[in-house]
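As written, the chain order gives the labels A, B and C, with residue 1 at the start of each chain.
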Amino acid sequence: MNFYLLTLIKAGVVALVLLTSLAYLQWAERKILAHIQLRQGPYRVGPHGLLQPLADVIKLMTKEDLLPPYVNRFFYPFAPFLAVMLSLIAIAVIPFGPEVSVFGQRTLMQLTDLGFGVLFLLAISSLSVYAVALGGWASNNKYSLLGSLRASAQMISYELPLAMAVVAPLLMANSLSLREIGEAQAGFYLGFIPRWFVFQWPAPQVIGFLIFLVAAFAETNRLPFDLPEAENELVAGFHTEFSSMKFAAFFMAEYSNMITITAFATLLFLGAWHPPFPAGWGSDYVPVLVFLTAAAVSLYHGLNPARGRDRRSLPVVSLAFFAVGIAFGVPLLQTYLTPVFWFAAKTGAILFLFMWVRGTLPRFRYDQLMGFTWKFLFPLSVANLLFTGLVVALSGE
Amino acid sequence: MTSLTAVPLSWYLTLSVILFVLGVTGFVIRRNLITAFMCIELMLNGVNLSFVAFSYELKQVDGHIYSFFVMVVAAAEAAVGLAIILAVFRSRQTLLSDEVNSMKL
Amino acid sequence: MDLILFLTFAFVAVACAINLVLQTHPISSALSLVGVMGSLAVLYLLLGGEFIAAAQIIVYAGAIMVLFVFVIMLLNAEGEPVAMGPKLSRTLGIPLIVALAGLLAFIVHRVLPPGAGVAFGKFTGGTALDVGRKLFTDYVLPFEVTSILILIAILGAVVLARKEIH
């Protein structure tokens, strides 16, 4: 098959999967927050609220799209456009699996393998400060301006420990290409400990991973670092004056940034698409087991329903899980699906951590936030980098 | 095929000249201190382009390294220059170079 | 393909530069400068400088220009009123600029030796590996000196921008 046609198909698949997971990430966040707060979350629209994202999209699209007369005419529509464009571009360099052959042509499970993929992701995160700064300034509203200036100052300050935490695994991978970083984490020590960078000898990157996670929380403006968009502090921060589609654009950009940065964390620290125990111990059948268990659980709840509606919808869900579980078991599809499953499982685990923290921790005050990065996180990340460099140089790699 | 679509190096250098001259023009005619400063950055960018272009021509990486140093110095200069502009604004309440015209505070 | 890419991004760069010079409000000028830097980053990629292109976006467009945008927003800068100079300078201005640009371009064309032109992929020595190797062996002294320069700049900026407490 032609290279261009294959790339177009890959781009289409990635875009479709990304946009769907954005919508369902929002559903998952609302459900997880609700259960942490001992309530139920979206429940009525579709089985267990699964059609809630669709309802939200319809609402946002049919709302009146205001252009207030006091805003800057060019930058007011430009800021959400920039936010969405930057957050969707970043997915182009993320690899989801090893090199596979599709219909006889060898291709990467990645849209493009840049030789400087890590620098590309850092560049995109540097540029996304503009969307926030311009959004607040163009709104001609003092609360928006304050919120956007705080958010941009926070984002630039936390880019420093983020970049330093990124450099340490690069010393062990010897490459800036995200594919090679993923492939450098293949294999197992002693037959069962995975060679992920968070465990890799000579310098296990545990501290680096924690620094990256904290910086990731601040880069995406999530709790506990979300003072710039806190509802009870600054009205709604920098997106106060935006309505309907422009607000949806900022929202989408925030979730897309979360997915990108957790995928980046998985690639750098948690071993990309490699399973936690060898294939010889059955790691290829873990996805099959997971989906068949999900099918059994939903079938059980469908047969003993809590509500009348569940009697009709849950068996269908159970059938869907069963079909996916069987698909993971087919050896032909396993080469494509299993790496993607492990990658998605690790990214999903970190995203669950993001939502768990949002439901649990209180918010930092702005001066505490800035003091934390400049006085603690940045020196710690530099120390981590120096230690890793020393150890790697001494071990003679 | 490459000779049909290859871009002559002089075109890159002409672009560098155009950016530099636009930077000089902007620096001379703009009165706002911050905009004049941005025209200096435009001049530096034009020079960076010619460094990288010559680095391609000589097939060496030294031009990239000089360009990198220019960027670092531009960062330091921007930090100190903007701090000076902030201090001027605080004491004279204006950003126009025409009105910063007496040595007496 | 190289020709189309070069012409497109050169045109964008020159358009953004003219916009920078002609706009009244500093924010529009700042964002036009970001546009210039972005198109220059693409031109660096065409010239084989992948590290320098990434550094341009990360450092120049993503940090220095953000600083400019911050200061403009903090100082609440307004558009400057158009100032009309004396009639002589207004009539001679544009021809003199064009003459200067023409002179420099002419000198460049005369002095430059004929070469094969720029094709994407002919120069692969601009990776981070090559830049890093040169930077830490041949150019390690300027590297250390610039790090001290940055330290001095940080100190200077903090001292200058501090509020005076009487």
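We take it that a contact is a pair of C-beta atoms (placed from the backbone, for glycine too) under 8 Å apart; a residue touches a chain by one contact, two chains touch by 3 or more.
Values in this document were obtained by computation on a predicted structure and should not be read as measured data.
S.K.: With chains as vertices and touches as edges, which is it: line, ring, star, complete or other?
M.R.: line
S.K.: When contacts are scored as defined above, which chain pair ends up with more C-beta pairs, B-C or A-C?
M.R.: It is B-C, judged by the count of C-beta pairs in contact.
S.K.: Hey, how far is the Cα centre of subunit A from the one of subunit B, in Å?
M.R.: That gives a centre separation of 37 Å.
S.K.: Express in whole angstrom the distance between the two chain centres, defined as the mean CA positions of subunit B and subunit C.
M.R.: 5
S.K.: Can you check how far apart subunit A and subunit C are, centre to centre, with Cα atoms defining each centre and the answer in Å?
M.R.: 33
S.K.: For subunit C, what residues touch not just one other chain but two or more?
M.R.: Each of 51, 55, 63, 74 in subunit C touches at least two other chains.
S.K.: Please set out, as single numbers or ranges, the residues of subunit B touching at least two other chains.
M.R.: Touching at least two other chains: none.
S.K.: Where in subunit A do residues touch two or more of the other chains?
M.R.: none
S.K.: In the complex of these two chains, what residues of subunit A are touching subunit C?
M.R.: 74-75, 115-116, 119-120, 122-123, 126-127, 129-130, 133-134, 137, 145, 149, 152-153, 156, 176
S.K.: Per the contact definition, I'd like the list of subunit B residues that touch subunit C in the complex.
M.R.: It is residues 2-3, 5-15, 17-26, 29-32, 34-35, 37-39, 41-42, 45, 48-49, 52-53, 55-57, 59-62, 64-65, 67-69, 71-80, 82-87, 89-90, 95-96, 98 of subunit B that touch subunit C.
S.K.: Please name which positions on subunit C make contact with subunit A in the complex.
M.R.: These residues of subunit C touch subunit A: 27-28, 31, 34, 50-51, 54-55, 57-58, 61-63, 66, 69-70, 73-74, 127-128.
S.K.: Touching subunit B in the complex: which residues of subunit C?
M.R.: 1-3, 6, 10, 13-14, 17-18, 20-21, 26, 29-30, 33, 36-37, 40, 43-44, 46-49, 51-52, 55-56, 59-60, 63-64, 67-68, 71-72, 74-75, 77, 80, 83, 93, 97, 100-101, 104-105, 108-109, 112, 115-119, 122-123, 125-126, 130-131, 134-135, 139, 142, 146, 149-150, 152-154, 156-158, 160-161, 163
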